[in-house]
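Input: structures, listed below.
Shared chain: chain A. Partners: chain B in the first complex, chain C in the second.
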Partner chain A sequence: MGFTRRDILRASVAGAFATGATALPTQLLAANKTVKIGMNIPMTGDYAPWGLPGLYGCEIVANNINTAGGVKIGGDTYNIEMVAYDHGYDTEKAVQGYKKLVLQDEVKMVMMLGGSTVASVLPWAQRRKMLTTTLLPSDITPESEYLVATCESHPLYNVTGVEYLKAKYPDAKTAAIVTNNDAEYGLQSAATYKAAFEVAGIDVVDVNLHGFDITDFAPIVSSVLAKNPDIFCMATSFYVTPLMEQLYHQGFKGKIISCTLDYYDEIIAKTSREFVDGTIFQFPDFDDPALNDPGVNFPNPGDFDAKYRAAHPNDWSAVSWEYPAILLNWLEGAKAAASVDPTAVLKALRSAKNPEFVFGGGQWWGSQLWGLDNAVVGRWPVVVVENGKARIQEYRSVSGWLEKNKDVLIKHMKELGLRTV
Partner chain B sequence: MELVIQSIINGLIQGGFFALFAVGLVLIFGVMGVVNFAHGELVMIGAYTIWLVHAQYGFPYLPTLLLAIVLVMGIGLLMERFLFRPTRSDPLAGLICSIGVLFILQVVATLIGGDGPSKQVPPPLDGTLVVLEFIRIPYQRLFGLGVSALALLTLWYFLTRTRLGWALRAVALDREAAALQGININVISFIAIGVGAGLAGLAGGLMAPLTNINPHMGHNVIITAFIVTIVGGVGSLSGAVYAAIIYALFHTFVTVYLGGTVATICGLILMVLVLIVRPTGIMGVRVSE
Partner chain C sequence: MTGKTGKIISGLVLLAALLLLPHLLQYHHQDLLIFLTINVLVVASYRIVTLTGEWSLIHAVMMGVGGYTATLAFKQFELGMWFTLPLAGIVAAAIAALLCFPLFRMTQFYFLIGSFAAGEAIRLCWIQFVNPFGGTGGLSGVEPPLIGNIDFLEPVPYYYLTLVVVGMCLFILHRIEKSRIGLILHSVHWNSPLAESVGVDTWRYRALAFIIGSFFVGVAGGLKVHYLGTITPNQFGVGFMVFILIWVIVGGYNRFYGPVIGVVVLTLFDESIRSLEELRPAIYGAVLIASILFLPQGLESIPTRIRRLFSRKPENDSSPSNK
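After this line comes the complex of A and B, so read on.
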């Protein structure tokens, strides 16, 4: 006796029901809501290294959260979806991208790099009450209520490197600062370094500013080295590699301190490991054991570093972990607010007396300099290249330095024509 | 004094690079009447070739340098055949076509290398020549200066001592008269852009280990090339070489003594002053209609 066509149909229907019944709980579990987080960043052009690596980092963090079942906010469980827009550091595109992210994608927060692109979106962001983040707290104004800098406090953290240098090398008495002459990155950083050197009792013998059209750094380095500084300070990162190369060839023997040292392996390849060893800067690799310090608020940095470098082996930069850290800040705020609404999240973030700053010790700051306490400052690592590898030497307090020396900083900001309240 | 000598050497090295790409631009303009806005991008492609083939795939530097010259020369020849020749009667069309090529080459470079950080090429020649204990010249820069000088001498020999060179100069002086003498304008245009683009490829290849390489690096190159061309005298090859050296020394000394920002401004002021005081440039000649 064989199966009839009707028997097979009956069995198929029964099987389908049975399968559906067993799959039901899983489907229910998977029915998380989705919250979209926007990134309006440069992914092409000169500023791309400060945008794209951050998106890669956020995708790793979001994927970790989603594969673990999502994040519980209020009564709902959410998956995180990153939505990015490439503005190429163009202010007009930044406005377009911002509106697209908010109106079309309905994101609940927009992360940005900072500078003129943030200034271009601010009026609309304020009216729209959209939570926006920047890596440059100097973007904050007395009116920019919805703009926060919860991770990088560029360039305030540079003071920790100078403090370390002074403590470690007390014989270094003079410094020369080289940086590009833009008000967003270069001059802010130069003013901070000048203040930090003054506080440390180190004389600044030269502040050498240059534009973005420089193709040959030999004359600049020759000019600076003619003043015999004990310390060569690079205040921004655009041209660290050619500057380091020239320092190497022109035989500089003093101490080198830099805001960033992105792609330092390439610098070693162009100079030597011995030359780069000892360079002080501010941005750690995330496989650094010192990041297991209990004060650090970044879950499993070693795992993050490994995943990142496996997926994007040549793209690690200072921002690789910064945008993810901001995403983690937002999650804490959303959990505290029990809502993904931007106003509620901002309120929750701002009400935290000790916000979960990535390196710990965070507190809201900024009104003395920019008119609003919308930047988080806390501890920051001092990183030194040792045997060709960046390693954290210690954490120092940016907020502690500011408490004692903010007037010196304001003086140097004003000297370089920068906005302060 | 030490700083002065070091600055002269730095300026001469920079002048060698400036001369390479400015002479190419002048050659193309002189013979074809086209302002090639994509010339900076030809330099960029030369640099990218070194980064990709030498730095990424480990091919030896010197053969890669030759490859960069040939590749960029090939791009130049394609531009001549398919863009500049069909638009020869309209110089504006040629200029617009070259702007189109500029963007295309930038996108090609982005597709090949991504648009992340600037690319770096470790110098094939390591080490530094130290003279009198205070003059320090990296061997890679010395090599660049030597090759630039050799290339410019070879070009000078070609233009002044060979029949083809004479023909090329004749076309640059008066295209119609040259054609009436039996000179094939198409062939000469082909040679002019081949040589001009080849020099741009060489400049890019030599600069690659010494600078940040990115798809937009051609902007600075073309601005410098225009300044040098105007100061030297539009259409004057010898003027371009002199102007490249003068401008590089000027820029270097202003950078050293007044800073990089001031140097950029002064470079442009120099160009404006030349246009006001001597509109034909250092070596240019006034041509009556």
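After this line comes the complex of A and C, so read on.
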């Protein structure tokens, strides 16, 4: 059958209408305002696993919101644009990146990992009144009004894992703690675990603090196992994989508890499923059915998990959902403030007595330890590897533990020379 | 126009450009300009160590010594920058003086490795002794100076302050190099036995160059920490030391301005490859190899090469016709 000129003309007109129809939502989206959210994070280097996966997660959340037509804040509808700067965990670059994001890109919030990179930008956060977030509430100082930790309260949530362990395995009486010896991640976590073990009535028989430049973990594990602990505790996650390998090869049969267990598939591949099963840690996968709990403030976590793993199959880490959770939390603050202005959003977030965060209602905390109530603590999941898959066992209250035992925690923080008010 | 007048005019043009530069840049690039200015002092001070023919791997750590001194002086004794800066230099120089005794028992490759080991030992102290050095996370809360209503947390005023301090340090370093001491340092490098035969204590002069270099890089460390506000051991690791070496080698080290050219050109180059962060080590490796192969005297030799190229042309042109 041949085409006449009329057929072609008709088809062209139909095509033009079809194009117009499909273009319509885009035009509507284009009518939305855009709010930029900054991420000043390590995307390369040793700390990249705690930066880049978070950007991937935020892009998925932002894309979901934008394709659904944007988000209503005040009288306007906004699309979200993520703007990232890779500081490679270098303080010089962190300062440059922060200024670029705030002054050139005009972002309304800057998300950061924490530590020295946050300390270097704090004067700027205060001066520019820029809402800045960290995953390490120990970055908070009495003067850091614009710095908040609205998702992860590293390492306070570790107390829930110890509580669970004590309840589930009452016969475990002794523990050994291994961690890197930095004040930002390792020592904070070691102090928290020491406090949690003391409260649980578990004796700490060894605290092994090692440097970052270590390559052979066999002697560390041997010396710790010589103390015959019932529990092997990895207070931070920099070297979980080599430590787990050594525990496996040296035949450890006790209980293992860790702050994080990133890339646990890799650990299983290097050891065995039976060995890794039963390991307790604190960061769930987002296809976990327990995240459908009505108290969880993360829309459709299973869909998020599926999209993430389809796009970035080998990049899931603890921060994959944490930065998105902070972004979602900011959106709630902006809606409440009816504004994207950082000061207004901060005020709206801080005005809630029981602020909602990713795992439900929390409370502002921190003044007793760091001088300002700028970290949200609430309940936190205890995760255990079962049949090679991380599964939430229960939620336990961090704020409840702190209410009863904060003095024990402060004592251990001071013992390790950490800053407390 | 005489050569002297030309130099004065070039100097004035350069000064005007340096004064105008921050106003032509975006805010975060103004920070880059501050760090670049500080790094100019780092490489210039490193050059004085290399004048004796010794290449050390401790220079970055000496900058850290200055930085930590300034930090602790500020935090523990509440000293202002006007005191912490010279103190940073003095402590770095004092530690260098102590290290001279073990280090200058070695020369060349052994000195290089020895200096690396000594530097790592100092860096590990900062990591291991959380009190007072803050461990891996370092220390924070250092503030810029206060002079009247000038806000030195803002990049432009701090850039001018850095420019003045670095300018003064460069002037002193240049005077040292052009003085009798500088000539002796050169002689130690080029013919140490001959220098010794005329009564030069080569050990003393090698040590002197090391101490002077450490003093000025210590000042650079103090300048940096008062702007950044934080200090960590990682800032002064082997990675930064490799950058110092590359800046000096690529820029050239036969003239005072060679390393300065190196650090300026490579910093601009570095900014242009920001999006290729993962490839940076490979790119820098290629730049270094290319520089050694094709520009062994560094970027500083380019004007001389160009001059030679032009001065040869008439000779070549005239030779066939003459024949």
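Methods note: the second predicted complex is superposed on the first by the 391 of 421 C-alpha atoms of A that agree within 3 Å, B and C clash if a C-alpha of one lies under 4 Å from a C-alpha of the other, contacts with A are read in each partner's own complex, and residues count from 1 in each chain.
Everything that follows uses one rule, which is that a contact is a pair of C-beta atoms (placed from the backbone, for glycine too) under 8 Å apart; a residue touches a chain by one contact, two chains touch by 3 or more.
Values in this document were obtained by computation on a predicted structure and should not be read as measured data.
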{"item": "First, second, both or neither for A:Ala344, with chain B first and chain C second", "value": "neither"}
{"item": "Partner chain(s) touched by A:Arg127 [first = chain B, second = chain C, both, neither]", "value": "second"}
{"item": "Which of chain B and chain C A:Leu52 touches, first, second, both or neither", "value": "first"}
{"item": "Partner chain in contact with A:Val35 - chain B first, chain C second, else both or neither", "value": "neither"}
{"item": "Touching partner for A:Tyr263 - first (chain B), second (chain C), both, neither", "value": "first"}
{"item": "Touching partner for A:Asn181 - first (chain B), second (chain C), both, neither", "value": "both"}
{"item": "Which of chain B and chain C A:Ile80 touches, first, second, both or neither", "value": "neither"}
{"item": "Touching partner for A:Thr241 - first (chain B), second (chain C), both, neither", "value": "first"}
{"item": "Which of chain B and chain C A:Ala226 touches, first, second, both or neither", "value": "first"}
{"item": "Footprint overlap on chain A, where chain B in one structure and chain C in the other make contact", "value": "43-44, 181, 211"}
{"item": "Residues of chain C that touch chain A when the two form their complex", "value": "26-28, 31-32, 35, 124, 127-128, 130-131, 134-138, 140-141, 143, 153, 228-230, 232, 234-235, 274, 277-278"}
{"item": "For the chain A and chain C complex, residues of the former touching the latter", "value": "43-44, 86, 88-92, 95-97, 99-100, 103-104, 115-116, 119-120, 122-123, 127, 141, 180-184, 186-187, 211-212, 416-417"}
{"item": "Interface residues, chain B side, partner chain A - complex", "value": "2-3, 6-7, 10-11, 13-14, 110, 115-118, 120, 122-123, 128, 130, 136, 138, 141, 207, 209-212, 214, 216-217, 219-221, 223-224, 251-253, 255-257, 259-261, 264"}
{"item": "Touching residues on chain A, where the partner in the complex is chain B", "value": "43-46, 48-49, 52-53, 181, 208-211, 213-216, 218-220, 222-223, 226, 239, 241-242, 245, 249-251, 262-263, 266, 269-270, 314-315, 317"}
